[in-house]
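Labels A, B, C, D, E, F, G and H are assigned to the chains in the order they are written; within every chain, residues are numbered from 1.
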Amino acid sequence: KRQGFPEVIFGEGKSASQIIDISRAMMNKQENILITRVSEEKATAICEEIPSFEYDQISRTLVRRYQEKLEYQLDGYIAIVCAGTSDLSVAEEAAKTAEAFGVEVRRFYDVGVAGIHRLFAHIDEIRDATVSVVIAGMEGALPSVVGGLVSHPIIAVPTSIGYGANFQGLSALLTMLNSCASGISVVNIDNGFGGAYNAILIHRLANKRT
Amino acid sequence: KRQGFPEVIFGEGKSASQIIDISRAMMNKQENILITRVSEEKATAICEEIPSFEYDQISRTLVRRYQEKLEYQLDGYIAIVCAGTSDLSVAEEAAKTAEAFGVEVRRFYDVGVAGIHRLFAHIDEIRDATVSVVIAGMEGALPSVVGGLVSHPIIAVPTSIGYGANFQGLSALLTMLNSCASGISVVNIDNGFGGAYNAILIHRLANKRT
Amino acid sequence: KRQGFPEVIFGEGKSASQIIDISRAMMNKQENILITRVSEEKATAICEEIPSFEYDQISRTLVRRYQEKLEYQLDGYIAIVCAGTSDLSVAEEAAKTAEAFGVEVRRFYDVGVAGIHRLFAHIDEIRDATVSVVIAGMEGALPSVVGGLVSHPIIAVPTSIGYGANFQGLSALLTMLNSCASGISVVNIDNGFGGAYNAILIHRLANKRT
Amino acid sequence: KRQGFPEVIFGEGKSASQIIDISRAMMNKQENILITRVSEEKATAICEEIPSFEYDQISRTLVRRYQEKLEYQLDGYIAIVCAGTSDLSVAEEAAKTAEAFGVEVRRFYDVGVAGIHRLFAHIDEIRDATVSVVIAGMEGALPSVVGGLVSHPIIAVPTSIGYGANFQGLSALLTMLNSCASGISVVNIDNGFGGAYNAILIHRLANKRT
Amino acid sequence: KRQGFPEVIFGEGKSASQIIDISRAMMNKQENILITRVSEEKATAICEEIPSFEYDQISRTLVRRYQEKLEYQLDGYIAIVCAGTSDLSVAEEAAKTAEAFGVEVRRFYDVGVAGIHRLFAHIDEIRDATVSVVIAGMEGALPSVVGGLVSHPIIAVPTSIGYGANFQGLSALLTMLNSCASGISVVNIDNGFGGAYNAILIHRLANKRT
Amino acid sequence: KRQGFPEVIFGEGKSASQIIDISRAMMNKQENILITRVSEEKATAICEEIPSFEYDQISRTLVRRYQEKLEYQLDGYIAIVCAGTSDLSVAEEAAKTAEAFGVEVRRFYDVGVAGIHRLFAHIDEIRDATVSVVIAGMEGALPSVVGGLVSHPIIAVPTSIGYGANFQGLSALLTMLNSCASGISVVNIDNGFGGAYNAILIHRLANKRT
Amino acid sequence: KRQGFPEVIFGEGKSASQIIDISRAMMNKQENILITRVSEEKATAICEEIPSFEYDQISRTLVRRYQEKLEYQLDGYIAIVCAGTSDLSVAEEAAKTAEAFGVEVRRFYDVGVAGIHRLFAHIDEIRDATVSVVIAGMEGALPSVVGGLVSHPIIAVPTSIGYGANFQGLSALLTMLNSCASGISVVNIDNGFGGAYNAILIHRLANKRT
Amino acid sequence: KRQGFPEVIFGEGKSASQIIDISRAMMNKQENILITRVSEEKATAICEEIPSFEYDQISRTLVRRYQEKLEYQLDGYIAIVCAGTSDLSVAEEAAKTAEAFGVEVRRFYDVGVAGIHRLFAHIDEIRDATVSVVIAGMEGALPSVVGGLVSHPIIAVPTSIGYGANFQGLSALLTMLNSCASGISVVNIDNGFGGAYNAILIHRLANKRT
């Protein structure tokens, strides 16, 4: 773990009581704690024991903030871009992650390629971000289009949303790896956390000397 | 074969002399003849025997026109849309096919998703087509974007252009099958002929009653 | 959304209350509303709130008609062709979609390739359609056979019906993409809606000037 | 090796001189010799040494007959069925194999699913065979259609003919394994020899008691 | 349906009441009825309505015999060969199918390749069968070994038994398609019915002239 | 193209004369020109026409520098890390790209996971980079190990080096996408250019305010 | 079964009562009994009947020891190495297997590649083992790293732990098969038993002459 | 490199002159040198410079022995088992590797599963080996059969020999990973070197204390 970073726990495959134990051990470190991939039942069990955790249903994250109100000490923001309802869960995992790391995010959540004017309506605000996390399921074309319009790095996150020839996200993953726009790198299917984490590292670099 | 349609020969896997024999048998039918997937060597051998064939290197097609100058008897045109040099061969197979069938085509060949302003510069002329054949390799996102901007049917043709995780066109194929834009149907990888053929059938239907 | 088209909602991954909200917002537009991929439970919850919706179990669609009795204003019909009980759900999604768009469909639902005489018994009526939507699971050979017998465009819809080496519809999908009959284009596995939507666009084109 | 069967050599991956050595060792057994998958160059080298071998370019087989003129001692024949030029090589490997085993074959080589009337023109003669070997590339639908029309066993042979989403014969292979017609079993892609061999075993069984 | 054959219903994807209706329609034909892939619940519901059906849990088949005691009118028997408990369900689907068709089967159910002496203990009785149906999961090597020891045709049935790199039966399927023993043809994963059906056709041919 | 960036041409699939034409058109822009994926023959033909291009055999790049000696105006450097001889070509494509963009690189080319002490010998100098491009073929484990040792962003580039179950780089690609180390994002197989391009964007961000 | 080895039952796909029957038949052989892949419910049912079985939840194994306290008669130990909580179940299946065979194991369970210093802390004790079983999910890089540091044979066990592009363990499996470290061989995904069994055979060989 | 082991060079992807340089640097170490995957042309070029290398065409290895005649100091031998001509190249890579390491091998090269009596003729001599390297292409069933007959560890090497559904060795690889015989672990497709290397490590362990 790096200095000044929250503690992060990967919740999948861990029982509520395992998570409670790990969290308790971390609580004296006086850092934010972020737990990802937590089901609603587990969250309920954990929050009963440690009420300072806040659960978010959509992103399935648990966050405990060490300071009551988190101040953004860095300049600028990360853009989180996706097409809409179906990819929301992954997009919010990314957003909550960035916020737990004390980084400002701006959400652009209704800008899919099939209705490209909605993307254009927001493109200037996206361009002004340090870095974008672009999330897409089904054909996964959004990062290519955004990549052609902005000049900062893009972290592309394929999602498993879709059916049939989507093959649980393989389609979107291949699309993003083959993008003909430059400046796009890719993380694992549904890995909203990883998308944000890479963006955070870049965002910090961009702020290092201010 | 349907009435008023050219004769079509699939050139791949046939020897020059086999193609010459089949062509000769067809020549008394007084229809255009289109041969697809003909290598340059084969074409040279065939044209020596039957000089009325015209070879096109890019599309790798041989065409013999029964009437010296072909008149377009149908209203409107088919739009053939792609991103550039690498997909040209497939796009031209589609274009030559449509022209051999006596159908007007308009070419939009520099409009990839990574430089979307070039697409917008031509979108009105694309919209006015009866139907579009949209060709794309690598991530294959172009049909989704065009599909969101026009309201006529789109025949999407994935190409095998790309490398690595492209897997010989699988990436573009999956992208197109998973498109979140409606009104898109797909043919086989690199099947420029098939893309055009479907468009021609639709174009004829649209002209039926005039 | 295009003029004179119903509103369409993709029901999968949306909760009953999300669907109710979206539907209510649409109801003042005085258009038909079509919702696809709605489970029986969700449908019950939605119909309690908005009783003007009609649920169909087989196609898993909800339809609300703005005009009590829908008149077909277009000439001709779309043929919907499949082999039988197992593909019925996808075939009916296609049929209900076309009907919600005010397009007449004729159903040919017992005409698989293993009993080809049943197809021949109906082939003239299929031929007279403007366009066919041909649906098949398992080996997915039906579009190839129909394609060889009719001269209008065919939209092929692979289904996930089968087991073992079917790989959730991959077998039927590949069959259709590789068809040696011309005039066949393909949509995603189980995408009855998409199959119909492409057919509707073509059907409208064929009617444009009447 | 079974009694009364020719000696068979799989030519692929063996040098001309290895094949010559093996053949010589077999020649005193006074049986037919069949060598499959022999390139033209290798064949020339072998025939120079052992002029009693006959090479067939299309099937790429070498055959040496022990008796000058081979008599068919069995009743009936095997039907070898395929769609045309592109699958000829595999079909002829099957035919030459059966003939080397002293079994009569009848060839039905222009009966693809896209022009099904040609199949119907020959269906009675196909029905009268003991067993059919049905060969198909691209979408591989032919065995399903034949299987619905005849009541004897069918050995289906997928070929690697095709391109794009054909994936070197995978498409045809999956089609055949998923056939909804009963009485079809499948051998490896391009395995004309294996298709014939299974048919020969069945054909012999059917003749056992005469 | 062929003369003298039972009626067969594919039970998967059909409701109990659908199966009851189809069965009733068939019952006046005075033939055996075989229904495959019937879950225990469905079977209970069906047997309550039509008590003359007999359900077998392992093979998941329902059989109704028209004649109280079925006589075997054909000479010889089909060998059904597998390695043990895990493939039992598929093996019994094959066995019950053959018996419903009035064909004698002999079961060799404990003869996997990892304990090959058990196969040798029975090899003579297997050799004396007209045809073998060889069923195997995991690595699927059994048909290759049996194929090297017997000289009649083998129908190989891969099963989905296994885990990890088995990929739901893909491993066994590929093994069987690539067998270096001749005289093996393959049906779909878990298709015990299809394995038996092909064997029955061959068995009937072998008996045709007696 | 972004301000102050070299012109980039993707050389694959373009003829020497096409590349010459494009280059000439770019030469009056007074920017560096980088051409990737140029075979030795093409390079010779191009350099004959435009002698100011410098060809590098290992990276297969052509570079033309506008200023005779390129000055590094940015602080810091990019680390390019790989295991050795076999991945050199991709690593050097990345290195030459960065240098054409005026960015300093440091090469760490003998640090594979099977001899991890060599990585440790250089780890401090790697840590001091702004960002690392980590290239690996075969099992592709290097980015995971480096990722656990440094705290800056890592762009992982899988290569197609290997054989058998490597499946042309699929193995390394999947390894990198599944890395359990955070801060790793991935580009296409063999995409040394893309790996460097993403690193350059990040490196520029890190320098923005100096 | 080899002399002096425990009886082993593969519990998956067998009912509790089947397992009880098999176990009873084995109990008079006076050997340890090991049952793998037993769910908690089945275990409860079995232990009620045969209380001498001990169930372990994590490894999902049932073990019955013939001698109350098992003595290790062999020199040395097997190292079982993995990265942590998620692979624990497979690692413990390996450990329990070895112990049931009377072989000493040492567990190194927190040594993943993303925190390589933890591996170094234990490397001497790992090196002193006769053989290592190295278990890893996700990217599966651990065996490569360990393989570069020790000189005894390594049995690598990929696990299905991960998501997205992990494809149920395919990623880790391919990584291990492509390892650039020598001395690594691989067993099936999640096959902790098989990993241990191979290690036991090697361990016995190393002890043969003492 | 471990003490007392030959120097090993992976020849693929290295030029003749690169190999000459590496070899020269190694020659003063007074150890055997083994170079794998060397084409005939490269070998000729290398042997001209360093005549003490001996090239073997079948295994494509170059070996230079430091001691004129190599003495086997270890007890026992490794069995190298395969089915015949097509897998010879991989089998001999394994054999030459073991011999370069000073380990005795015994070759059993005509024992495929389709003619299992040939395996039985040699089984006692195979059983007496310390460890077996079992090599197989096509369906890859040989290790399962051998594994059921011997009680020492087996290293299984799949080869890419085959066609069609073999998918370049994938079929044999999956077969071996899914083997129902215990005591089998697997290396990469065509990795004869790796198969032998694992066997050598085991063989040394078995000899450690003599």
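Note that in this section a residue touches a chain if its C-beta (ideal position, glycine included) is under 8 Å from a C-beta of that chain, and two chains touch if they have at least 3 such contacts.
Keep in mind it's a predicted model, so treat the numbers as computed, not measured.
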Pair exhibiting more inter-chain C-beta contacts, E-H or B-C: E-H
Rounded Å distance between chain C and chain G, as computed from the means of their C-alpha atoms: 52
Computed distance of Cα centres, chain H from chain A, in Å: 49
Interchain centroid distance [CA atoms averaged], chain G/chain H, Å: 27
Intercentroid distance (Cα basis), chain D paired with chain B, Å: 37
Chain H residues counted as touching two or more neighbouring chains: 164-166, 170, 173, 177-178, 182, 188-189
Touching pairs - complete list by chain label: A-B, A-C, A-F, A-G, B-C, B-D, B-F, C-D, C-E, D-E, D-H, E-G, E-H, F-G, F-H, G-H
Footprint of chain A on chain F - complex, ascending: 2, 8, 130-131, 151-153, 155, 173, 177-178, 182-189, 194, 197-198, 201-202, 205-206, 208-210
Chain H residues within the chain D interface of the complex: 85-86, 161, 163-166
Of all residues in chain A, those that touch chain B in their complex: 83, 112-116, 138-141, 144-145, 147-149, 162, 164-167, 170-172, 174-182
Complex interface listing, chain F residues touching chain B: 12-14, 18, 158, 160, 168-170, 173, 188-191
